[in-house]
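My structure is below; once you've seen it, I'll send some questions.
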Amino acid sequence: MARGQAPFPARDGAGERAVTVAPEPSELAWSRSELMAVELAAHLRDDDVAVMGTASALPQAACRLAQLTHAPGLWYIAGGTCSVNPHLAPVVPSCCDFDLLRADTAIPLADVVLLEGRGDVLTVFFAGGLQIDAYGNCNLVAVGEWSRPSLRGPGTVGLPFLSRVGRVLIYTMSHTRRTFVERVDFLSGPGFLGGPAEWASAGLSGGGPALVVTPLCTMGFDPGSLRMRLVTVHPGVDIDEVRDATGFDLLVEDPVPVTAAPTPAQLSILRDLDSDGLLKGV
Amino acid sequence: MSKLLSLSDAVERYVPDHVRMLAVGGMHLHNNPMALVREIVRQQRTIGRLLTSPCGALNADLLIGAGLVDEIATSYVGFEHLGLAPCFRRAVEAGSIRVLECDEAYITHGLYAGAGGLAFIPLPAGLEVSDIPKVNQVSYATTTDPFTGREVLVGAPLCPDVALLHAYQADERGNAVLAGAHFVDRLMALASRTVLLQVEQVVPTEEIARHPVGTTIPGFLVQAVVEVAGGCHPTASHGAYDYDEQQLGLYLSMARSAEGVGEYLERHVTGVTEEEYLEKASPRLAELRYGEGPSPVPSSGRSG
Amino acid sequence: MSKLLSLSDAVERYVPDHVRMLAVGGMHLHNNPMALVREIVRQQRTIGRLLTSPCGALNADLLIGAGLVDEIATSYVGFEHLGLAPCFRRAVEAGSIRVLECDEAYITHGLYAGAGGLAFIPLPAGLEVSDIPKVNQVSYATTTDPFTGREVLVGAPLCPDVALLHAYQADERGNAVLAGAHFVDRLMALASRTVLLQVEQVVPTEEIARHPVGTTIPGFLVQAVVEVAGGCHPTASHGAYDYDEQQLGLYLSMARSAEGVGEYLERHVTGVTEEEYLEKASPRLAELRYGEGPSPVPSSGRSG
Amino acid sequence: MARGQAPFPARDGAGERAVTVAPEPSELAWSRSELMAVELAAHLRDDDVAVMGTASALPQAACRLAQLTHAPGLWYIAGGTCSVNPHLAPVVPSCCDFDLLRADTAIPLADVVLLEGRGDVLTVFFAGGLQIDAYGNCNLVAVGEWSRPSLRGPGTVGLPFLSRVGRVLIYTMSHTRRTFVERVDFLSGPGFLGGPAEWASAGLSGGGPALVVTPLCTMGFDPGSLRMRLVTVHPGVDIDEVRDATGFDLLVEDPVPVTAAPTPAQLSILRDLDSDGLLKGV
């Protein structure tokens, strides 16, 4: 596919907003997107069935990397085409690309919607948002008042299923105070809702958000308060830089380890997959 | 018996002005029935409610940009990795369009209910916690599960009056083969009262009969077949050509303003015939053709 | 990663005794997963509730004849033009089996609800006038349509604990291709917690990958794959062989009495291994092979 | 397909019950099944979409005959395979036969169930029963008490949809007092229910039963009483023979015409279709 060097996509329309991340440090031999793919891959298990939606080059690459390293048994579904285990040569920017049908199998979109509702089959759901809050709730719909928003997002697609399906892996290319807010203006993809009390009383079948990967750091959730907490900072990133870019009080427990850099073997696999260089940009 | 019509005849005959509910097929940048959409703009048909697949793109944004849409029922309008939908965004932020905020599960299950004559469709537990149903009480409501006594979120059936769909091939009676991914296009055909089909190629029924099991839209659901090779441009047509980032980029940059989208429409839609549009697009379409591979059309079943 | 198992291991490992709800795939005299059904009889697994596709045949009658079924949820058990189902008929007339009387719409929509995590499923208006819902208040109930205030007939979701299904081919991870008609087999796979698949042939994943769009059961839904060429005999296996009227006639005549069906079971099921059964059936299977034609397996999508 | 000379199937398990029709008169060059196929075909219109279920060789042949004569635009769906316009060379006894997939198209069974519910697409539904009553109600479930029947039928499959879909064409090979009863013991396929009052108050969207074809005669329904009435008797059949074989008071308006015999052209087409001779038996 000769589509030229498309820039690596930010999630769901966030592409139009300024990414305030510093320019890629020139001494790093890998891009932040590549590091993020490695971080997401590390979280995937051999018995997972993962599903991803719109503009999902990054989770596609993460899943394929996991399959080719520690999780050969992983299943992953590219929403849109609903191809199962696309062969990804190369990674494509659209979740509906015809080339994704180079895959082990493919099923109708309606079947994937059924399985998202069934809840016990799909164990990993990749998510993101224009806004992501301290409890891992996502918003792809509207910033400001829904009825007259200051920024109208594209819409939520399948994110309401986050309440129902396995572990939620959040990723975003935009680690800013506009993205990471104390509370989303519109709840389009449920995380831990308003915190422990509301989460417990909702009695949801999903496991909730498990991981948040950004160009600056990797975050998780505090088991008690269910608020986001820093897990590792990426090489070359300062903890204060993360704090400054986060619009809520991020839990930080010293010392914060540095995210492991991608290994040469991981980078070699990623670059084989990503011959169009979608992950090279940022 | 033939349902072959010209683009203009198909829209003139089957799309009433201010059509109550118009559905557009395809998903994201793929299989958008753009020739039919452009013709709707040329004929200035206004639309009471526009329904997209779970992910609308240019098929919705162009109609909104042309000022034809009163209300949109959608779970996404955007250009995936290329950015937000400029006209949708502007119209919503300006309050000039009503939004029936939906999620993917409701659109899919709602079409199932519409196709099957179901009065409504229950939605899986957990969907009630998002804010979507709170802002859309036209599409969502609650009732009692008589088996458990619990309150359940349900959706209204989706029964479009007219659906505009793309298929790879069809015969003149409307038996159509979808190549590549099917998205929710077959469900839309099943749920819609009138189906207009644009196809890359009209083929004899014998050709369709070679692979009956993969043929996903039976002709008795189809009112008109329009042959427009290249008609999905600048979106992709699975089995034929990829999407055109150049043209989409041009649209996205021009549509940043109301004036710009007006100029785009004048230059690329209302000011040109479909033949002229496709003539101009043909060098790009040639570049975007998918490489060699097995036939995109399923082949199965019994001969004869 | 391989899910290939022997017939006996698959049933031993995945079908608990007195399984709460067991579904059998195929329809009428076609694609009945008979090798798995026979193995259930050999291992004498009792069944709390047996669910058929809209039309069960030997797949249900044999289990009933073996005395393994407490309750059956079905809209039809019979042998189509060959006659009534002798063991089903005898058991119902004698009151030795409970019947959850269903109709085709409920079975299909109920599996959809089971697959999709829907609490229940509304049924089209008009179905409430038949006597079916009156005699089955386990599966049917009424609730309020919140959009109109009307009372609506609804069905309970169908979530089988185990499904026995036949597919034409599968790879060792369970990615399966259904040849010919699909009936409701894919829906059963989607709705069932455990899926055991018997296939004519195990093929490499690369073979499955040649026609991904037509591949209708993804391996992550499948727990075990059993390769049994001829395993649908004496029913048909679409793409492979037709049904065997001789053997079905023999069954129907022997099963007219409880003693007769006991003798049939001893001679053709419990008293023989599956290998011995198929060895004996092989001359008939050779005669019943479908004639030449295009591949019964769809071929589509992208290479690689 | 070498399946040998399978006898023409009676509808849905009725095959096991004695057919009390007199032997085919030797002077007739056509079988009663062939005549019935012609009668059913005559009722089909060029713009119909017809659907049929179990053991449907007769309606299959009728539809194909109609397509090849006066109704080339007719669509018909063989339930089971859900093939659309099967090419039928030859007619097959099972509605799920692999050979039915020699067809213009085929759709999933679940789609046909949806369209039956939608109600406005399918205009003709073929039906039958162990019992058929004076109002055209059908019973495929149980004779006697449902909970402990004297004859357990196979089950109703899709017959409850009769209340919803276009015109219902009833056919049976068994014209006896056991089949044609005043009131079905179990209502599995709705006709005009208990008559005009109940039919009107039910407000059903379907048009109700339109035609009943048996080996003895063709019947319709009286527009006022909604009870079955004789339309034509088949050649060689006496009106009293029909009355005697009918377990309710059949409306008869003298004079009753004789059903037109199949033309040589119709027979020629039918026999081309039916090379396995499924329609030759009775």
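Just a few scattered comments:
In this document, chain identifiers A, B, C and D correspond to the written order of the chains, with residue numbering beginning at 1 in each.
In the analysis below, a contact is a pair of C-beta atoms (placed from the backbone, for glycine too) under 8 Å apart; a residue touches a chain by one contact, two chains touch by 3 or more.
The shown structure was predicted, so the numbers you read here are calculated from the model rather than taken from an experiment.
With A-B and B-D as the two chain pairs, more C-beta contacts join A-B.
When every chain is reduced to the mean of its CA atoms, the largest separation from subunit B belongs to D.
Here the spacing of subunit C and subunit D, counted between their Cα centres, is 28 Å. Mean C-alpha position of subunit B lies 36 Å from that of subunit C.
For this pair, subunit B with subunit D, the centres built from the Cα atoms lie 40 Å apart. Counting partner chains per residue, subunit D has residues 83, 98, 101, 106, 113, 117-119, 164 touching two or more of them. Under the contact definition stated at the top, the residues of subunit B that touch 2 or more other chains are 109, 112, 116-118, 123-125, 180-182, 186, 213, 290, 296, 301-304.
Taken as a graph of touching chains, this assembly fits none of the simple shapes: it is neither a line, a ring, a star nor a complete graph. Going by the touch rule set out above, the chain pairs that meet are A-B, A-C, B-C, B-D, C-D. For subunit A in complex with subunit B, the residues that touch the partner chain are 1-4, 6, 9-10, 12-13, 15-16, 54-55, 57, 80-83, 93-98, 100-101, 106, 108-110, 113, 116-119, 140-142, 146-161, 163-164, 186-190, 193, 202, 204-206.
Across the complex, subunit D meets subunit B through its residues 49, 72-73, 75, 83-84, 87, 89, 98-99, 101-107, 111, 113-115, 117-121, 164. Remark: subunit B residues 109, 112-113, 116-125, 141-148, 150, 152, 154, 156, 179-182, 210-211, 213-214, 290, 293-304 touch subunit C in the complex.
Residues 27-30, 54-55, 74-78, 80-85, 88-89, 92-93, 95, 101-105, 108-109, 112, 123-127, 129-132, 135, 180-184, 186-187, 236, 238-239, 242-243, 245, 287, 290-291, 296 of subunit C are the ones that touch subunit D when the two sit in their complex. Remark: subunit C residues 1, 112, 114-118, 171, 173, 175, 186, 190-191, 193, 205, 208-209, 212-213, 215-216, 218-221, 301-304 touch subunit A in the complex.
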